[in-house]
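Read through the structures below before going on.
Shared between the two complexes below is chain A, which has chain B as its partner in the first and chain C in the second.
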Partner chain A sequence: MVDVKRIQEGNYDLLTVVGDVDASSSIELDNAIEEAIESGGKKFLIDCSNLDYISSAGLGVFMSYIEEFRKRDITMIIYGLNEKVANVFEILGLDQLLVIKQTKEEAKAALG
Partner chain B sequence: MSSKAIIRFSALLAAGSWIGMLLTALSILFSKTSGLEQSVGDEAPPILMSLFIFALFTFYKYRIERAESINFVDLLWKVFVTGLIATIVSLFFQLVMNMLGNTKLAENVVFLDFIYLSNFGLVAAFLISTFIVWKRLILYQKSRFLLTAWKIFEYALLVGLVMNALPVTIVENFEDVYLIILILVGLVLSVNMKWVAYLNFKQKWKSILLIALAMFYLGYFSFTLVSASSEIADKTDAFLDIRENIFIIALVSFIFIYALFSLLVLLFNLPTSSVFEQKLEEVVSFQKLSQSIQTEQNEERVYEILIESSVNTVFADAAWIEVDNEKDGPKYYTHKIDVEGIIKIKNHLKANKIKGILDQGSDKTKNLNKYLATLRGSPYRSMMAFPIKVKGKQEATIALLKDVSEGFNKENSKIISTFSNQAGISIENFRLLTEALQNERYKEELKIAKNVQSSLLPDEIVQDDDYSAAAFSEAADEVGGDYYDTFRINDHKVAMIISDVSGKGTSAAFHMSQMKGVFYSLTQHDMSPKDFLDSANNALSRCLDKASFITTSYYVFDTKKKQVEFSRAGHCPTLYYSKAEGKATYFQNKGLGLGILRNEGFKNYIQIDTFMYSPGDILVLYTDGITEAKNVKGEEYGYDLLREAIQKHSDAPVEEIKKEIISELYAFTGTEAIDDDYTVLIVKFN
Partner chain C sequence: MKYSYKVPCTKEKLRDIRSFVKEVLDKHGISEVDVSTLVLAIDEVCANVIIHGHSCNPKDSIELEIKIDKSQNLEFDIIDTVDLFDIATYQEPKIEDVIKQQKKGGIGLILVKRIMDDIEIIRLPKKNICRLTKKIELT
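And then the complex of A and B:
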């Protein structure tokens, strides 16, 4: 079960991901990001401080947008990953391709 | 003795005893009238007569009672035919008598007795056969009580028969009392008329005719015999007077009473027979509807049976079923009405704002007798309609029409309501059955996929003198996404791979097969692990769908240099146990999953690591299913427990290490059911 909320804060959109992202709920995450891109925003923060678990299918969702973000010149910054989830990102090597920060402040600073 | 033999024997016995009776009776009569000395005793004729009747009884009992057919009209027909034959023969005797006129022979008492006894034989045959037929009619619907009553009646008749054979009267007036008792028992048994209800109108008419004829025969025979016996009695008393025969009198009374009762009951039941037929039709229709869910039949057939059954049971003049179909518009099944007529009626109902009859989704179906009276140009004056619901959703409507007003009664509407409910159930069952078959097929397909996929994993691991290896793999779903394999590149080099495809199930299994293809195409070129992963990424980037990736670790064992070169593409860190250090550690190196970065930049994220191995060292390849396996509390098995397990069993042979690891893992999760695929490959160096 996952719940994704999007709100506009200043010059960026904030997506809050709450719960577990597994094979079935990854579709919801995908839809939420897709919607955010369609809305025309160029800057996104993704709050994962309440993301308890992410499966390979969930990682696949983040991965699938890397190329599109680069093309459309979109900046997306993820923050607040717990230790376990951060480890999953690291092992896969996604931390080298995505911008991942510890806190919201760091993330906002990186967004510029 | 077979029943055929009994029939033959009893027929023979009847004929023999009849001839015996005839000869003895005539001889006694002749002796008495001519004053000669008797050569046979007086007791012989009555005994032979009883024997004759008993033989006849056995004969018909086996012929009629054992007959398979229980068609009532056929049974009555038998009575009629027997009576007819007896009458014709008897009429022939009458004719002979008339032709003789007042000649001496006609006056001769012996000759009269001969005619009389011949007639008696015929009548006895008619009576006994009728009696057996009546028995079958009365016992059509048996009960223990009825059977007992009937048995008593039969035995009582037998006693009467024996009494006739006895030369002396036991008690004065006893015979009269006994006769009255017999007649009363016969009367009580005659109230069993259940068979009448099962006849249709035509059969009832036939039965009435046949029974009336049987009664006529009975009257005729009684008259003939009684008048003949009284004529003989005027001349002598040394003959077999049937007027004193209890058995015959009781039998005639019983047959007459039952025939009379049957005739009356049949007559009174004539007007109601159509109701019974209708009820029967309803039952048959209902059964047809219930049975219309066999696999070769379809929903169309259910609707066809419904409309046919409904029209037949309520005698509707026209009917239709409208099946909703969102795609192609409504579909009609009609009976004696065309779609144009239906639409006319529907428009009429709409124009007059008559709601709740044909409205889809409304379950207020009612008898609309009065509304149709205003519809001009249509012969129909009453109508009723019912919804056909499948899983609570209205899928169709059945409407029935009649050309008289107030044409449908409450009973009719109840029946059609039941029918449409049953039709709904039939359709639902039919769909469930189809679905179940479909699911079964999918399951079969998955089984095939599982077989194909498990054949993708190697049967054997390439072995070498330098190491021994053991592997375990278990998929969470029918098909999994974990892969491992080995390949001997040359005499001193062996390649080993472990992969985990993102996602689970069938799509993961497809990607796994692609990985296997990539492995076998590339590994034979003796590439460095980095080049291997780069090429693999290049190939898979064109195969994998947008959100899929594969994590892999690729190892090249060089037994000459005693070293292993390896690279990691996003796969879980390799666990290595060093015997010298006596502990296991995870290799920390950079990497990126295959298919994540689908361009030239990929190789920048891959590095090569090398280590030298010594005997007793252990290399553990595994997938994240192992480290992420959860126990009931939701805790993960994790890296630490895996490392500790390896350290604990490091001295054991490789097979045993594998077994211990797996059993510890299952003991930790506490269940045989797994969330993600488990794969572990253990290499122990010699």
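And then the complex of A and C:
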């Protein structure tokens, strides 16, 4: 089960991901990102401080947007990963391919 | 010690499978990070079997068996009647290629291979077993 909330804050959209993103729930995350793109946003912060678990299905959602974001000049910054979730990103080397920060302040600063 | 768990083939059961694996591993004093990666690997294999082997048919079921010996050698058997995808000989795609192709899947088995020490597919007359093994260093 995962809940994704989207709030517009200043010049960016904040997506808050709460719960577990696995093969049964990754579609929710995918839909939320898709909707955020369709609404015309160019800057996204993804708050993962209450993301308890992520499997490849969830990682795959983030990965599938890397190329599209690059082409459309969209910036996405993830922050607040707990140690176990961060470890999953690291196993695949995604910490090098996605922009990941520890805190919201750092994420906002990186967003510019 | 041996533990077993049987569930219907639905994606919603993955959460229960994860809870079962975590509960078993927690009993054996395995570190939190090791437990979380092992739970992930089992989740990935089970998701693969449930989705690709059974098309999420709740009338089918899969069985998971966990064996742990005194030296913390862990053995996870995912037992099924359908033919299991041979993860052992699976060639990993490059992450960069997966990103370029904008695919949402295809990385779960990379995780399994990186987490586990060994993966073996055992084909028996009436069932097939995907055996994942891992040696945990005693602290």
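Operating definition for what follows: the second predicted complex is superposed on the first by the 112 of 112 C-alpha atoms of A that agree within 3 Å, B and C clash if a C-alpha of one lies under 4 Å from a C-alpha of the other, contacts with A are read in each partner's own complex, and residues count from 1 in each chain.
Assume a residue touches a chain if its C-beta (ideal position, glycine included) is under 8 Å from a C-beta of that chain, and two chains touch if they have at least 3 such contacts.
In this text the structure is predicted, and so the values were computed from the model without any measurement.
*Asks:* Looking at the overlay, does A:105 come into contact with chain B only (first), chain C only (second), both, or neither?
*Replies:* Touch partners of A:105: none, neither chain B nor chain C.
*Asks:* Looking at A:3 after the superposition, I want to know if it touches chain B, chain C, both of them or none. Which is it: first, second, both, neither?
*Replies:* It touches nothing on chain B or chain C.
*Asks:* So, A:23: does it touch chain B (first), chain C (second), both, or neither?
*Replies:* In the superposition, A:23 contacts both chain B and chain C.
*Asks:* Could you figure out whether chain B or chain C reaches more residues of chain A?
*Replies:* Between chain B and chain C, C touches the greater number of residues in chain A.
*Asks:* Touch test for A:56: chain B only (first), chain C only (second), both, or neither?
*Replies:* both
*Asks:* I'd like to know which partner A:93 touches here: chain B for first, chain C for second, both or neither.
*Replies:* A:93 sits against chain B and chain C alike.
*Asks:* Applying the touch criterion given at the start, work out whether A:35 contacts chain B, chain C, both or neither, answering first, second, both or neither.
*Replies:* In the superposition, A:35 contacts neither chain B nor chain C.
*Asks:* Between chain B (first) and chain C (second), which, if any, makes contact with A:66: first, second, both or neither?
*Replies:* After superposition on chain A, A:66 lies in contact with both partners, chain B and chain C.
*Asks:* Which positions of chain A sit in both the chain B and the chain C interface?
*Replies:* Shared contact residues on chain A: 23, 26, 30, 55-57, 59-61, 63-64, 66-67, 84, 91-94, 97.
*Asks:* What does chain B use to touch chain A in their complex?
*Replies:* Interface residues on chain B, with respect to chain A: 500-505, 546-549, 551, 569-573, 590-593, 596-598, 605, 624, 636, 676.
*Asks:* Can you check the complex and tell me which residues of chain A touch chain B?
*Replies:* The touching residues are 23, 26, 30, 55-57, 59-61, 63-64, 66-67, 84, 91-94, 96-97.
*Asks:* Can you list the chain C residues touching chain A in their complex?
*Replies:* 11-12, 14-15, 18, 32-33, 36-37, 40, 43-44, 47, 50-51, 95, 98-100, 102-108, 110-111, 114-115
*Asks:* Mind pulling up the chain A residues that touch chain C in the complex?
*Replies:* 1, 20, 22-24, 26, 30, 53, 55-57, 59-61, 63-68, 83-84, 87-88, 91-94, 97
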